[in-house]
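Look for chain A in each of the two complexes below; its partner is chain B in the first and chain C in the second.
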Partner chain A sequence: MEQVKCECGHVNPIGTVLCEACGKPLEEVPALLDMRYEGSARRSQTYNKTIIDKIWNFFSSVKVGVWLIVITLVASAIGTIYPQQMYIPPTVSPAEYYEQQYGLLGKWYYALGFHDLYSSWWYMLLIALIGVSLVICSLDRVVPLYRALNNQRVTRNEQFLQRQRLFSRAKVKHDETAFRNVVDKLTKRGYRVREENGNILAEKGRFSRWGPYVNHIGLIIFLIGAMLRFVPGMYVDESMWIREGEIKEIPGTNGKYFLENKKFIFEVYEKEKEKEAFQAAIDRVGSGMMAKNYQTDVVLYERVGPVVAGEEPKLKKIKSFSIRVNEPLKHDHYALYQVDFKLDELKSMSFHFTDKETNKSFGTITVDLIQPEKEYDLGNGYKVQLLSYFPDFYFDENGNPNTRSKVPNNPAFVFKMFAPDRPKGEVSFTAIRQTIEPLGNNKYKMAFANIETRNVSALTVRRDFTLWILGVGGAIFMIGLIQGMYWNHRRVWIRRMNDEVLVAAHTNKNWFGLKKELEGIFKDTPFVMPIDQADKRS
Partner chain B sequence: MKEKRFWLRTVILAIMLAAIGYTIYSNVFVEKKAIQVGDSAPDFVLTDLNGNKIQLSDYRGKGVFLNFWGTWCKPCEKEMPHINSQYNVYKNEGVEVIAVNVGEAKVTVQTFVDRFQLTFPVVIDQQDQVMNAYDINPLPTTFLIDKDGKIVDIITGTMTEEDVKKYMERIKP
Partner chain C sequence: MVQLSSTLLYVAFVLYLVATLFFGGAIRVKKKEGVDRWATIGIFVTIVGFIAQLGYFITRWIAAGHAPVSNLFEFTTFFGMMIVGAFIVIYFIYKTSLLGLFTLPIAILVIAYASMFPREISPLIPALQSHWLHIHVITAAAGEAILAISFAAGLIYLIRVVDQSKPSKRTFWLEFVLFFLISTLGFVIVTTSFRVAGYEATFEWIDKNGKQDEMVYHMPALVGPHEGVLKTEERMKPLVDMPAIINARKLNTVIWSLFSGLALYGLLRLLLRKRIAAALQPLVKNVNLDLVDEIGYRSVAIGFPVFTLGALIFAMIWAQIAWTRFWGWDPKEVWALITWLFYAAFLHLRLSKGWHGERSAWLAVIGFAIIMFNLVAVNLVIAGLHSYAGS
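Right, the complex of A and B next:
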């Protein structure tokens, strides 16, 4: 490796600005030294031979890192202009939706992947490049900085001292008691004092210099955690709708677990039911206006035996539980969270088999809206056949009755009614508040009698093995932040040269605090308090 | 020293490149599905409209054209007659069709089947179990399964009669 030898004898890596040992400037420098990275050689800026070096050097630049962050910020901001894909109606194709709603801009928004920003390849690439920049920038700075701080000598070059921001030079007679006094005061304030030929280097809080790098390590761990979510099995995020009384497979568990919804409960704060203390608050928002509880009472089952999808499962009860908001059901690293609900979904409808003229009823049928029967026999020659069933009825563009979904939002039926005097049957199309008799006038009708409803609960299924990694990363991030924020790296040099004494001091932040500290230390001593040369200049 | 630095940098860059490559590849270029082309098709048992049990593993040795559909889904409705007519050609060549309805009422499904006079088995996934296993999102979705039970292709969206023919040709044993 090419090297630069300082006149003090220390051998520095090429590109070094200030000698690691004595601090003597090895290049042209401004009158006040730039003490960032201790004037150490950022190697990336000195070697530029191979393609690997070139890539490395590109990412080693803080400027590049800042630009990457700025670009990411701008992209994120643009991503908030139109709704993200998850917020557009699920029934429409996003390709059409964005263009229809927002025109040409919307089309490009979709084409460039802004509609699903966090999953678009270029956004992920940006985040990844920030990660690369973090690693390389840190490595390229922390190693030379460590070397420089580790190699620094007590006796520093005159040039180094007089170009520090805080500096004084004065003729001071040697006074051992005064000297000891200063050393004592420095020690009392937490400085580690090193002496060499009557010169002093007092230093404290060096570990705060590592704060940013610890912080970056935390960020990298966090990014690795986020990356692991894409490894199969590490992260499950599914959702399920389950009606009261239903037993359903829990998605994301590979057919292993089933859930039964016993009951969904929705409660509100009501005036009469709460304690006196809450009355005023309830009055303010209105009685019954504020939700109090969303709860699903469930039973968790495990499937016994081999999993064959579709087969009627043999189930073993594991536990009963009441899932409430922020109180998930947890089992086998899975967690089921209450996330949504639908009150009073239609469950069944009852009809009277009625003579239109006399209004006489010949019996009542109850049609289950999830799995209706094909035939309902009322006895005495009266029976009803269900020819067609449309759970979510509408007339399609050809004018035919059709269904929008399998959810019984608007059920409609084609009944065929048989009676002793109508052995061939009469056909009736029956929907809510609508009856059509397509084959002429009927004698009988299916008169609406009653409905039964039930609630539906929506749950989120989560399993996340990356959470602890994100936690560790976050904790290290905070430790690094605190380390760099709440401590300062302060150094005081005192050098005796012939009959003069040079005093210089440096801190990486909070110059005001350092000055106050030094005033206390040099008060009532023959040493001259260093002057802030940055002040003098302005 | 210089050699060492070169290799160190190369290794660090390579590790980061691999991590980024994997993340982006698995995110963008691979369908985020529990099931993928090349996997062996998960076995299932469902009952058809006549009460017969249909088990996928019984179809080993034949190509299976596995179609997920719903009566409300217009594209499904469009492609059903094509599947039906091509099935009549290819059933003699060892290609079977199983049409999995996504859990509608039996009456509704029966009406649909009668209307289009479908001749292949239509089964109803009453508890969403098969839908979960095959991670069905848009309808229709069709899985082409070869004679060894491997998934050859996954098709989402409507198929023309030409498409259906082409796909059945691919899984002909």
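Right, the complex of A and C next:
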């Protein structure tokens, strides 16, 4: 590697603007020094030959970084003009939805892919480019900056001192007590004071210079964590509907865990039950119109023993828990969240076996709407066969009864009724509020008696092994941010040259604070408070 | 307790107004050795007002059983309080009374704006029943409030440096910013006037699903709802009906605010016979520009980490608990990210590209516009999971 030797004897890497040791300008520099990276030799400012140099230089530019931020910002804003695909009703086709709801603009919005903007390849690419920019920007600066701060000497070149923003030069008689006084004051204010031949370098808060790099590391870790969620096994996101009384395998747990829904509770704010302070608000939206609680009381089980196909699993109870919004059930890195519910789903229907003329009942059957039985024996020669069952009944395009789903929203049955005087049986099609007798007039009918309902709860199952990485990234980011923002790196140089004393000071931010501090330090001493040379310009 | 709470808020509001007058008086005092008595009284009154508002906050918290940050009125009022709090802190660092003259009116406007929304103490819906409500909202509001100080500083800087001798892009945009502040005042005046008058007009209209619905206006309808039929007698008929996808009542309120803002602005221009910023310029002529620039920068430097913690990190932790995922691209989340990206760009431009002074001041103004957009438009217009309690 090529090197540049300064007159002070220190050997600097090529591209160095200010000697790392004494600060003497090695190149043409403005009247007031640009102290941003201590005038150190940054790779991006030094080499520009190979393609790698060019890529490095492109990404190490803050200008490029800022542009990437601004483009991401604008793209993100565009994504909020209309709701993203995940927030539109799941039953409709997005292509139709956006046009119907938002007209021509909506159509374009969809056509340009803005309905799913945040998972589009180009948005991901933007985030990735920001990540690359973060790494290269940081490396380009942090290494030379570290070298420069590590190699700095107490005695600084005259040029370096007089081109600092805060500087003074005055004839001051040597006065050891006054000199000690200043050193004491600096030490008391937290400065680390180094002395060399009667010259001083007082420094504090150097660690704040590393703040930006620390927070960039945090961001990188965060982005890596976010990327890891695409790795199989790192992330489980399932949902389950579970009825009251039901025991179900928890999806995403590979058959390891089972859940029982004991009860689902939905509560609203009712005027009479709430305290005085809430009355006006409840009046405005209406009593009973505002949700108070969604809760599923569950029991968590773990399977014991190996999985045997076709055999009922053996379960061991782990715990009872009430899952509420904001209070997920957590176990073994899994979390179960309350997300949705359905009240009063049909559970069972009962019918009386009735003589149509006399209205006499010969017994009652109860049909479980999830697992109906094939035959119901009422004794004395009366029995009912369930020929067909349509949980969610409708007439299809051919006029035949059919079912839309397995959910008992609108159950219908084809019963075959046997009685001592009807040994061959009579067929009856029974749905809610309608009975059809396809094979002529029957003597008997299944008269509707009763229904039972229960609530269904929807839970989301999550396991996310990336969370701790995101947490670590976030924490490091915050530490770096605070380190860089709430402290600053201040230095004061005092150099005696013949009968003159040169005082210079520098801070990376908060000049106001530094000036106030220096006023306190130099008050009542023979040293002259440095003047802000930036003021003179304007 | 509820009554006491409202009274304390009212007291705080009046005290902020009084304090503004004192900070105004402080300007004419020549900077001499010793203390500026006007400014001392000003900051004293501000602190008393802040304590009164803190009293409002605590008593309302006790009455409700949860921190009063759960709807638009409560959040915005709290935001106003945090602006005053941030100002008090910055005042004791930099001792510039001029900052009070600009920050307090902004806080007053924010609080006045807040009180145009339903003010009842409301119980919490399940999603809000968490301690993270307090932690997240309070930190986020504090961060935004500290960032808002940079807006006040930026405004002072711009009023001082923008050349008013001839019209230019800069004078236009500066007037534009001031016009928006005046329009907020217009909104408050118009809303209050019609509320006092008890104006109400009911419309029957057809929503976007073709269903008939009812809509109640509290201001005369300049724009009516889709196929709206006026049901209340002796009320103004709308000049034009809106299509069904537009919330006509909200748009009507916006139009009224802008019109009243224009009227107020026009009136001021007529009285002053020059641009508002030009009229304000003498107030700031003695200001130390470097110091104002530094105040603006420092409030971003202090506010940015607080904002990150409250509006992103705490927000993500809570979202993971309440909504099962730490990030879901909900509009409010996205706009918090946009705000964060914006201030990140601000800091990079300032630190690396040397955007100091006027450029930095313009950026501070834009940053505040983004924060206000997230507060106002995202809650009222782009409805998402966060759209609590609009009007």
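Operating definition for what follows: the second predicted complex is superposed on the first by the 371 of 538 C-alpha atoms of A that agree within 3 Å, B and C clash if a C-alpha of one lies under 4 Å from a C-alpha of the other, contacts with A are read in each partner's own complex, and residues count from 1 in each chain.
Everything below uses one rule, namely that contacts are C-beta pairs under 8 Å (C-beta built on N, C-alpha and C of every residue); 3 or more make two chains touch, one makes a residue touch a chain.
None of the values given here were measured: they were computed from a predicted structure.
In the superposition on chain A, A:Arg433 makes contact with neither chain B nor chain C.
Contacts of A:Lys424 after superposition on the shared chain: neither chain B nor chain C is touched.
In the superposed pair of complexes, A:Asn293 makes contact with chain C only, with no contact to chain B.
Of the two partner chains placed by the overlay, neither chain B nor chain C lies in contact with A:Lys173. By the document's definition of touching, of the two partners only chain C reaches A:Pro328; chain B does not.
Of the two partner chains placed around the shared chain by superposition, chain C is the only one that A:Leu467 touches, whereas chain B remains out of contact. Against chain B, in their complex, chain A makes its touches with residues 1, 43, 47, 50, 52-53, 55-56, 119-121, 124-125, 128, 131-132, 135-136, 139, 224, 227, 230-231, 247-249, 251, 254-255, 308-311, 313, 369-372, 374, 386-392, 402-406. Residue ranges of chain A in contact with chain C, taken from their complex: 36, 62-63, 65-66, 69-70, 72-73, 76-77, 79-81, 83-84, 86-87, 101-103, 118, 269, 274-275, 277-278, 280-282, 284, 290-294, 324-326, 328, 335, 337, 339, 460, 462, 467, 470, 474, 477-478, 481-482, 485-486, 509-512, 534-535, 538. Touching chain A in their complex are the following residues of chain B: 1-2, 5-6, 9-10, 12-13, 16, 19-20, 22-24, 26-28, 42-46, 55, 70-72, 102-108, 110-111, 123, 125-130, 132-133.
For chain C in complex with chain A, the residues that touch the partner chain are 1-2, 63-65, 94, 118, 120-123, 125-127, 129-130, 132, 208, 245, 289-291, 294, 297-298, 301-302, 304-305, 308-309, 313, 316, 320-322, 324-326, 328-331, 334-335, 337-338, 341-342, 344-345, 348-349, 351-353, 378, 382, 384.
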